[in-house]
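The chains carry the letters A, B, C and D, assigned in the order they are written, with residues numbered from 1 in each.
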Amino acid sequence: MINKVVTGADEAIRDIKDGSTLMLGGFGLCGIPENCITALVKKGVKRLTCISNNAGVDDFGIGLMLQQRQVKKMISSYVGENAEFERQLLSGELEVELIPQGTLATRCMAAGYGMPAIFTPAGVGTEVAEGKEIRNFNGKDYLMEYAFDADFALVKAWKGDTTGNLIFRSTSRNFNPVMAMAGKITIAEVEELVEPGTLDPDHIHTPGVYVHRIFQGANYEKRIEQRTVRPRN
Amino acid sequence: MLDKNGIAKRIAKEIKDGYYVNLGIGIPTLVANFIPDGINVVLQSENGLLGMGPFPFEGEEDADLINAGKQTITTLPGSSIFDSAMSFGMIRSQKIDLTILGAMEVSENGDIANWKIPGKMVKGMGGAMDLVASAKNIIVAMQHVNKAGESKLLPKCSLPLTGVNCIRKVVTELAVLDILPEGGFKLIERAPGVSVDYIKQVTAGKLFADDGAPEMILD
Amino acid sequence: MINKVVTGADEAIRDIKDGSTLMLGGFGLCGIPENCITALVKKGVKRLTCISNNAGVDDFGIGLMLQQRQVKKMISSYVGENAEFERQLLSGELEVELIPQGTLATRCMAAGYGMPAIFTPAGVGTEVAEGKEIRNFNGKDYLMEYAFDADFALVKAWKGDTTGNLIFRSTSRNFNPVMAMAGKITIAEVEELVEPGTLDPDHIHTPGVYVHRIFQGANYEKRIEQRTVRPRN
Amino acid sequence: MLDKNGIAKRIAKEIKDGYYVNLGIGIPTLVANFIPDGINVVLQSENGLLGMGPFPFEGEEDADLINAGKQTITTLPGSSIFDSAMSFGMIRSQKIDLTILGAMEVSENGDIANWKIPGKMVKGMGGAMDLVASAKNIIVAMQHVNKAGESKLLPKCSLPLTGVNCIRKVVTELAVLDILPEGGFKLIERAPGVSVDYIKQVTAGKLFADDGAPEMILD
């Protein structure tokens, strides 16, 4: 049996260096690789380029790395809810590339699927299109967008087995499977690590071939960003 | 003149039975509260859910189950979960029947600006550029005039664009307007108590309103 | 609740006409839409273009439609094991376009994902590349291949609910999910049709938004093409 | 001279612990029988399975569980199932460490022909073109000479190509040969009892064999 298990977050991220390009799964604070982020903050690596849909909040998620000024550049679709982020951006310490959410997801998928570029209509006629090749198919314009090239993908799954197969839970799936496919080295942290044969092959979202290292996270806070409820009637 | 709920209520009348609908943040989210009985719709949340249900009961919030506005929500019988690539795949391939979103400005040729104000902190376009570039049927929920009393329905957007030539219908606190394929806002309905003249006065873009327009019926 | 249920195969295929372009899921005889094929044979529609990885065998699968000379053109990656197919091909009655299997799958996916074209290295330097645009990315040549444009996709799933959500079983999944995404009209036949809420949202392979009509197949033979076994020790 | 099992056995020695391997139809399929103990590999079947197990026991065949050769098979603990697009996605993105497939002809610059003989019924390339265009590490299992005694290791393929400049290693009934980046077959090992001279005689493409080559050790 191929075994991808590492002892924990510190070992998993051991070779992430200053200047590395990382993908980080999650949407808002939902499905983010909490334990990897904690380990990255502890390790103190700098000048990271982070591809992630969002940038966390001031005191959670990628926000923790921003507090330590570990991030050189964010590639995201939406970066609100983060005062320190705003401060660094306005002061010029932090570089930000904003790209449409679907383009972000599809550029990850393209990497995982071995497609060097994809076509999307998102951004045609806007500043996102500046400098990009535009191509018309069937009367509609599309931008050519390139597959991402990331040194590491850090993803968070619900369950995983020791061979790297992953299952995500509910909308914490989001960017995680497409980023898992896209990293040169993919590190998966899971809430529950199980033996091979435990997961139904039909239920696996990310086949283990895409995952290089896996560990059970020591702690999951799973913070809620917008707690909305309805009254019981 | 309509309040936010009034705008949402009017837009809800555009939803047909069997529609898959994507609701943006803000007024569009309110539309879900006014979907008529007997109209079956499935709400898509672009973070990876079809079949968005109401907010959970207190104490039943699930950190793993949120919508694109990062709010805790619920699923419904028939819901499905998928990754972000598939989510925007179904948006690009026009499987979503109706998209409702907010705007800062709309132009008479259907351009929309809703993501960036030069000089202000830019938070990002999220999924808006994908949605407006792909959807076959987009309704914009917006204010007709800004706080300074200036029209937001323009000959040409002044703000950086989110998408070009993509909006077909606009619902404001004052009116329902179609955007004509050849350009221009066509007045379809007036909000209760709002005159055609007033709408003319606060619509900077080309307006076709000479035939008048009925007052909208909301209930 | 949106309801996609039709009474059966005959109603599901009611508007498939002479000259329609169809996608048919399955790999070999595994996971093919048996009941739709039976109904198409009964209906007798002609001059069909069939996009399907294989062409069945003489007396099962698409082979049944070939026997009735209903197929004008096959777009496939592999068409062996079929004598009638070979006869029609050599006599010029049948047109065949052979394309690499990954290209076939990805052109389906492209349609479902709203991407008008994709890049693949498959076929570069071969006759498959003739007349196609070649483009170099990072030192490697790729062919640009277009998304398929199919009037109908006929897929077979294990379970489905009345809103069109589908779950496939084991390797009968194959081309079915990507074709389900790609049809202008997608018809799903299932072994078991269940009520909404029965299927776990995390286990659904094809969200119902892609499926226009669904029915429980009256009969599944599920023929095995190569029965290989090992002795019990 | 090796029989088919011998070729498979020799190729099995190229498999390293932890490899994901795609085996083509024919001799490549036999390789699975010779994977050494202690070497953990995962076999990919391009119809949508990682972790291909042995044939089922009689009576346990499952029509829904086949390999790319359409044979009934089994899964193993750790297996995963996926659709055809993801299957070729992982092939294109080079997640498969080793691909083993058959060939009719291979050229000294690594071109391969294995799908079409002009004038004969063409069954199709299946997944072969995707595999050879994408895989970083391809070993070809083939006969050195055809039935007429003619070399199938050529300066240039005579048959329609499956892929260009993609093969790195060839294992035949006579020898193991690397294909050099600058072109040419380099003799690495001889089959038991086969002389360098004989290999020279039946290799039409450029052969580098002047240093001789050891006889292969199979057990």
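As a working rule, a contact is a pair of C-beta atoms (placed from the backbone, for glycine too) under 8 Å apart; a residue touches a chain by one contact, two chains touch by 3 or more.
Everything numeric here is computed off the predicted structure, so don't read it as measured data.
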Chains in contact with chain A and with chain B: which ones?
C
More contacting C-beta pairs: B-C or C-D? The answer is C-D
Find the geometric centre of each of chain A and chain D from their Cα atoms only, then give the gap between the two centres in Å, rounded to an integer.
36
Where the centres are mean C-alpha positions, what is the separation of chain C from chain D, in Å?
29
Return the distance between the CA-based centres of chain A and chain C, expressed in whole Å.
33
Shared interface positions of chain A, touching two or more other chains
106, 113-115, 120-121, 169-170, 173, 201-202
If I count partner chains per residue in chain D, which residues reach a count of at least 2?
49, 75, 81-82, 85, 88-89, 91-92, 134
Chains as vertices, touching pairs as edges: which of line, ring, star, complete or other describes this one?
other
Any two chains that touch count here, so list every such pair.
A-B, A-C, A-D, B-C, C-D
Tell me, which parts of chain A touch chain C in their complex?
106, 113-121, 137-138, 140, 142, 146, 167-170, 173, 201-203
Interfacial residue positions of chain A with respect to chain B in the complex
27-31, 53, 76-80, 86, 89-90, 98, 100-106, 108-109, 120-128, 158, 169-178, 205, 222-232
Could you please specify the touching residues of chain D with respect to chain A in the complex?
18, 20, 40-42, 44, 49-51, 75-82, 85-86, 88-96, 134
Residues of chain A that touch chain D when the two form their complex:
1-3, 111-115, 161-163, 165, 181, 195-197, 201-202, 204, 207-210
Using the touch definition up top, name the residues of chain D that touch chain C in the complex.
45-49, 54-73, 75, 81-85, 87-89, 91-92, 111, 121-130, 133-134, 160-165
